[in-house]
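Each in structure tokens, the structures are laid out below.
Note that subunit A is present in both complexes that follow, paired respectively with subunit B and with subunit C.
And now, the complex of A and B:
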């Protein structure tokens, strides 16, 4: 019997509506299927359903079918409705959702999975990842969707995409990102402590390291993410596809009213903030500066990985979210993204398991998944 | 950020905020200005920009005319269409 996979609504499946959680695409049915989904179906997996996301994946964890702030795909994997799910990690939303629902999520190294067929926002950081109940299941699905795709200019040409979840972790070293740990609430800290203890029991050295560049990484990533999203969402104009306002008498009103009515306030805020970051007079100090800081963060992360095999950190501040007004969303997402931005801006892999996040150096997914596996059920 | 500058950004991005939304957006800019100040603490004078973290390749195809999708299917994606075109309001007055 085929394994049942859910696909988040920012990933295209021909013939199945793809809304990206937006009124802008409420009646949009794509004409082609994302490469990652094609690879799964070619390997005997069946697309069970599309799962809801927050508008373009920009919010905390996305909409939920039950009204709870958990994340639709993560909830369905946790409930066993599907065997696994694919989701686009744009700004950490799936990692937060996995932590809240206590399922495993792997965001692989940038360029590992083709983004052909993804409704793109922040092309330089977004990456398709896999939700499943266990590290083994994540690895199994990731191995099927990883690999070079000539249709995607950011797709890497690595020789091998096998993932081993049984690496010997004894003697490895894991760094707890102290500055991120300190920001978490007591329950999340307890999850990190428990995870660290489980690793120590397997012979892993776990110790705290300073992580004083988290705010810098987050601010720079939010600037880059908003700027790229501003450009990518300029294609939605009410003409070629998607929503069109009924309230217009000329072309200018068609554009403005379509976009104003169809995007939610968070998306509009992201567009406006990103547009300002790209504007004359701000470009150098804001956007250009953030591109340089990206290189600094990569070097700082690599410096940690010269001594450690992985970084252990929260994926989010607390173990649940309360409903909030959309007008507060921009700053709420900004605050929570401090935990996820380091892996987003660097394109480094991250695995969420047991409610906590492991970040690794490029192509170290096997080590992250092996570390996650030895803590399962503890 | 001022209301006037914000209106310029709205116009540039084909968006229109209500006065209440504009007020919220102005406070977002104010809060972000505080946070952006941390970027100045990083010396990037000798650091190259990093647009992509991994090498990229141009996606090219043979210089041949191809029709990946049926015209009819593409026309149906639009909100309003005629026989062979998407309908938009008159552009030239």
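And now, the complex of A and C:
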């Protein structure tokens, strides 16, 4: 029997509606299938279902203002309804969902998995990742979807990738990102401590390191993410496909009312913030500066990886989320993304397992998955 | 007081590529019906990513080399944001921060001598679609065929000082690009924005600048520049209006420019680097390859043709079309004489096309077929008249010349006995013409000759007929 896979609703499967969680695309059925999905169905996987996302994948996990606070795909993988799930890691949402539901999620190095067929928001950082119950299952699916695709200009040239989850971890070194650890609540800290203990039991050295660039990395990433998202969502204008307002008498009203009626408060906030960051008066101090900061963050992360094999950090502040008012959404996501932004802005790989996050240098997925594997069931 | 006009140009040229700039839809000449040539990528559907068409880079670099530009080895694409229904993504992919070519120079010849026009930059970008206003149904329709067709935009420094210079420059680059297979530059494929200001001669500061947007005919451009120059001088001299820096549009019917609404001009385009497209790196190897494929210029070709003994007038016709040069050279390479080939192209091919309401630029014949006809005539296998008949069949129905000749029994008739009997018969049947000829009317000869040729269905060897006829009429 073929393995059952869930596909999140920002990834296209021909003939299956792809709403991206938005009223804007409530009637949108794509004409083609994402490259990652094609590679799975060609390798014995069957698309079991599409899973819900917060609008365009921008929210904390799912639609956090309506009470779905775990993340559809992560819940289904945890419940065993599907064997694995693909999700777009745009701003950390799947990593948070995996931590809350205690399943494994791998966000590979940027450019590893084709973004052809992803309802794109932030092209420079978004990447398809894999949810599964174990590191082994994640590696198995990831190996099938990874590899060069000419249809994506940012796709790396490697034809295929081998992921080894059984690297010898004895003698490796893992750094706990102190500044991120300090922000977590007691329960989350306990999870990190437990994970660190499990690693030490396998002969891994685990020690704290300063991670003082977390806030600047997050601010820069939110600027880049919002700007790119603002740009990519501008195509939803009511002219060609998707929602069109019935309330218009000229082209400006068509644009304004369509977008006002179909985007939620968080999406609108992201668009406004992103538009501001790209505006003439702000471009140099916001967008351009964030691009420069991205390079600095890469250097700072690489400096840590010169001495450590991985960084251990929370994926989110606490072990559950409370529903909140939509007007708070933007700042909630902003605050929470401090944990996920370093891997997002650098395009470095990250693995969530046992409710915690491991970040690695480019192409170090095998080490992250191996470290995750030795802690499984402990 | 004397005034000096200062003009800078931004010229958009549609490139002649097989496919669009970021997807595999056909290029600018493919579509016939509205929205025939559209895919999920160029209609802005989510999930599609732009993939760079290398051919566009090569044509842009070739254009840059022709205009003596520096080729930037590292260039990038940026996104320009604005909402308009003909722009499906609500952004245009263009080059702002790092264009492909910079700092070029073109010599422009006018009646007042040679002017040097500096090229600021050439950048690549995608075209937008077209809006079709249906006044009958009171709606506006969108046609995305032109969306993502590749363009280059050539930006000059403000180095023009007359409409004549502008027109000469545009004609020059048009000829260059047509000849270099960069663009056919047909109506609408070359569009200009004209930046113009006027100042008293000798003034150090430039005058107030107006930008006239989106003109495609040389006549309109010339008229618009003349109108604007006069408007500015009137304003300076007689205070007819206060000049402001603004964008204007040319109305061809009313023969004047009008200011565009501010709303259309004061946009903040929020440019930023496109994260979906990797920087274009033109290394030495690629640049050499592009240079090696660069067409020889029309001037160099003319020099070569002169050496082959082709007349000036014919050289002008042939070098006016790149494909005529290619055809001529290919047929010569197959062993025909250049002057022969030119005669066949300019006299025969052009004549046949003209009868069908076409121009030489519409000529579509393979070098092999033209060479085959010329060789059959040259060797005496067929008469020139028969050759022309075959040429008509080739141009109109693309037949195979040799097979067509055989099927229709068009070989030249050289059998002296047969021709002698035909001549005898013609002399017997045309008693009046024979009498006329013998009484000294030279012209009558041709009517008997024609009768012989008709009898031989046009395939008789003219020299043999003439010789026999003259001999028999004397006898």
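Just so it is clear, the second predicted complex is superposed on the first by the 370 of 378 C-alpha atoms of A that agree within 3 Å, B and C clash if a C-alpha of one lies under 4 Å from a C-alpha of the other, contacts with A are read in each partner's own complex, and residues count from 1 in each chain.
Convention: a contact is a pair of C-beta atoms (placed from the backbone, for glycine too) under 8 Å apart; a residue touches a chain by one contact, two chains touch by 3 or more.
Keep in mind that what you see is a predicted model, and the values were worked out from it rather than measured.
Q: Please work out whether A:234 is in contact with subunit B alone, subunit C alone, both, or neither, and reply first, second, both or neither.
A: both
Q: If you stack the two complexes on chain A, which partner ends up touching A:110: first (subunit B), second (subunit C), both, or neither?
A: A:110 sits against subunit B, while subunit C stays out of touch.
Q: Count the residues of subunit A touched by subunit B and by subunit C, then name the partner with the higher count.
A: With both complexes superposed on chain A, more residues of subunit A are touched by B.
Q: State whether A:273 touches subunit B only (first), subunit C only (second), both chains, or neither.
A: first
Q: For A:31, using the defined touch cut-off, is the partner it touches subunit B, subunit C, both, or neither? Pick first, second, both or neither.
A: both
Q: Considering only the touch criterion stated at the top, classify A:244 as touching first (subunit B), second (subunit C), both, or neither.
A: Once the two structures are laid over each other on A, A:244 reaches subunit B alone.
Q: Scan A:152 for contacts with subunit B and subunit C and give back first, second, both or neither.
A: Both partners.
Q: Thinking of the overlay built on chain A, is A:255 touched by subunit B (first), by subunit C (second), by both, or by neither?
A: both
Q: Between subunit B and subunit C, whom does A:124 touch in the aligned arrangement: first, second, both, or neither?
A: both
Q: Per the contact definition in the header, classify A:294: touching subunit B only (first), subunit C only (second), both, or neither.
A: Touch status of A:294: first partner only.
Q: Can you give me the overlap between the subunit B contact set and the subunit C contact set on subunit A?
A: 28, 31-32, 124, 150-154, 234, 237, 239-241, 251, 255, 275, 279, 291
Q: Per the contact definition, I'd like the list of subunit A residues that touch subunit B in the complex.
A: Contact set of subunit A toward subunit B: 28-29, 31-32, 109-111, 124, 150-154, 156, 215-216, 219-220, 222-223, 230, 234, 237-244, 248-251, 253-260, 263, 265, 268-269, 271-273, 275-276, 279, 285-286, 288-296, 298, 327, 330-331, 334, 346-347.
Q: Applying the document's contact rule, which stretches of subunit C touch subunit A when the two form their complex?
A: Per the touch definition, subunit C meets subunit A at residues 40, 43-52, 79, 81, 83, 85, 88-91, 142, 268, 270-278.
Q: Going by the contact rule set out above, which residues of subunit B touch subunit A in the complex?
A: Residues of subunit B touching subunit A: 1, 6, 9-10, 12-17, 21, 24-25, 28-29, 31-32, 35-36, 38-42, 44, 47-59, 68-69, 73-74, 77-80, 86, 88-91.
Q: Show me the residue ranges of subunit A that touch subunit C in the complex, using the header's touch definition.
A: 12, 18, 20, 25, 28, 30-32, 34, 115-120, 122-124, 150-154, 227-228, 231, 234-235, 237, 239-241, 251, 255, 275, 278-280, 283, 287, 291
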